[in-house]
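When the chains are written out, they are named A, B, C, D, E and F in that same order, and each has its own residue count from 1.
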Amino acid sequence: MKFAIQINEGPYTHQATDSAYHFAKAAIDNGHEVMRIFFYHDGVNNGTRLTTPPQDDRHIVNRWAELAKEHDLDLVLCVAAAQRRGIADADESKRNGKDADNIQEGFRISGLGQLIEAGIQADRLVVFGD
Amino acid sequence: MSEGTVKQFLYVNRKAPHGTIYALESLEVVLIGAAFEQDVRLAFMDDGVFQILKGQDTNGIGTKNFAPTYNALGDYDINKIYVEKESLDERGLTEDDLMALTYEDEDDDWAEKSSISIVSRTEMADLIDSSDVMFNF
Amino acid sequence: MAILHTVNKSPFDKNSLERAIGTAKEGSSVLLLEDGVYGAISGASSSAMVEDAMKTVKVYALGADVDARGIKGRVIDGIELVDYAAFVKLAAEHSQVQSWL
Amino acid sequence: MAILHTVNKSPFDKNSLERAIGTAKEGSSVLLLEDGVYGAISGASSSAMVEDAMKTVKVYALGADVDARGIKGRVIDGIELVDYAAFVKLAAEHSQVQSWL
Amino acid sequence: MSEGTVKQFLYVNRKAPHGTIYALESLEVVLIGAAFEQDVRLAFMDDGVFQILKGQDTNGIGTKNFAPTYNALGDYDINKIYVEKESLDERGLTEDDLMALTYEDEDDDWAEKSSISIVSRTEMADLIDSSDVMFNF
Amino acid sequence: MKFAIQINEGPYTHQATDSAYHFAKAAIDNGHEVMRIFFYHDGVNNGTRLTTPPQDDRHIVNRWAELAKEHDLDLVLCVAAAQRRGIADADESKRNGKDADNIQEGFRISGLGQLIEAGIQADRLVVFGD
């Protein structure tokens, strides 16, 4: 079965992103397809490479990036939400006249159409939020 | 996108506007989604009914007033808006307190018609049951 | 001096207002702000609780938040609308501020 | 096929569980996860509502979340504890997933 | 910092652990604050009482289990912990269900004593009223 | 009177930071002192210079920075909260082996002791959050 996942909250602050991770992993481990993980609202904060959690805690951002690399997942940060919250890739950074970017490799920034498309193409859209 | 697929989309709006950004960013999804030609329905329940209350003016709090944008939904061919009666009752509201969201019916000589249907909680449950995708924010 | 209790959540969604009112002692004040101003609506399921509290506690609502939500004409009689400057004054005049987040 | 309703909020704090149960039709399912698993506690003010709902709706709770919160011994009889793989299976077996955020 | 100022600090804990980070980050403030030698009290009410429930094990959700850290509070001379009875009742809990948070009383030959007092909602209101600073997270 | 303000939530997502801004401004305009604004939890996300809100919306980050400049305010981002959420200044970035930083000028990163100190020194601590 083809799943799409939407994540509305940032890492550490809400458990939503942890639940989504465990759900995505279980789906893959059980032979399902996760066609896209769409990060919306504060969810875009999952995609910054500048996080440094305590040594004894999970590294949520890296965990997503590793899962994506292993299973060729499509991790999409909503561009409008990302702009409001200060998540930028090199292109966005340049376009908005910024002197730095902070996106984690393995994520990409794209439009809300990617969420709609996921809703159309996936058999199930599962939302994790606050 | 698979050509020709038309799904029953349901946007579930349960959160108050202004205190958090969910209502505004949800509306942005609805507007973008309109281009995808799906069968779109919007549900307003719980504090979500406050999103389409008349007379909102955000000047004093300095945030973006996105309430007028709901008026544009009709132009995007989004005209199936369901508001839960029990949620209105609990808040002391009636349909008259809501913005007059309308659309022009192309099958009826472009007559202006209301996009809003007031439904019971049971009908809302049916609406959820009959949808192919639920968007929650 | 008494405490200023602030509530920023809708009473239809969360228990913060009920909780603030239940804890506010006679002579203290409750200020509704952000989505908390929905608690100022008359004729709603929350109104009786607020009206009852107003017998012993002074209730204020932030006018800018009331306007943003389009409920100015629905505010319970006796709830005083205040601006940010008056919010500051209330915070200064009360002994402390308890935010029911 | 019926809907899988998910609830991730404490019933003592927010109305999500009440709302999910009030909307879940006969034959559908409710999955409690994150702070939503507090709704699985027996002997609490929320328990009667959940037990009543269980007459028409199947209620599940995510075991990992139950363990995290130390409430394994308190779960209402008849609520089935599931792991993430079973959550995925439930999502696949129901027609859609409605998240009561 | 004004030398010698001692204020009545009250940390108000009303949120459940694990679902959000507020409880964990609040506890970090309490531990740091212990070095400032103020008169510190912790209040647990509403879903906050779940923070100090026995037997929490976060292995399955993969998050940091900070519950054991509450046991260290006594060593930081934080031993005035107030738990609201009404909040326990509503959740079907009693004091026995809570972690046995203790301290060693230096004025009583280092006898181990409970840091927890179960108080009524009225007493909780008094506690708030008698505090100089309330920390809410 | 001496006020301290604590902000628990990020910009745009919650109104908390807007309310705090209007409160701080009103306090200053009415002759009070705002001795510190402490950003905790997701509040640290107020301090990134990478945000690009829509043209017709307020720029929350810049608004803080301007208010701070005008009135010499002390805007403090909690270091532990900032590390978890990917907010870093040049020092933090270097210390944690990152290749970029994103702090907005006008904010500084410091420890939780700054909040405790504010609680002791201020006449009133006012908290804005979720």
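Simple rule for what comes next: a residue touches a chain if its C-beta (ideal position, glycine included) is under 8 Å from a C-beta of that chain, and two chains touch if they have at least 3 such contacts.
All of these numbers come straight from a predicted model, not from anything done at the bench.
The fewest steps needed to get from subunit B to subunit D, moving only between touching chains, is 1. Across all inter-chain contacts, the pair with the most C-beta pairs is A-F. Of all chains, the one whose Cα centroid sits at the greatest distance from that of subunit C is A.
Taking the CA centroid of subunit B as reference, the farthest chain centroid is that of E. Here the CA centre of subunit B is 43 Å from the CA centre of subunit E. Our note on geometry: subunit D versus subunit E, Cα centroid distance of 29 Å, whole angstroms.
Among the residues of subunit E, those touching two or more other chains are numbered 18-21, 46, 61, 63, 133-134, 136-137.
Residue positions of subunit C touching 2 or more other chains, listed in rising order: 8, 12-13, 15, 34-35, 64, 83, 96-97, 99, 101. Shared interface positions of subunit A, i.e. residues touching 2 or more other chains, are given as 8, 12-13, 15, 19, 22, 41, 54, 80, 84, 125, 127, 129. The complete set of chain-chain contacts reads A-B, A-D, A-E, A-F, B-C, B-D, B-F, C-D, C-E, C-F, D-E, E-F. Against subunit F, in their complex, subunit B makes its touches with residues 18-21, 61-64.
If you check the complex, the residues on subunit D that touch subunit B are 2-3, 15, 19, 22-25, 28, 95-101. Those residues of subunit A lying in contact with subunit E across their complex are 12-15, 18-19, 22, 54, 56-58.
Across the complex, subunit C meets subunit F through its residues 8, 33-35, 62, 64, 83-85, 87-89, 91-92, 96-97, 99, 101. Within the complex formed with subunit D, the subunit C residues making contact are 12-15.
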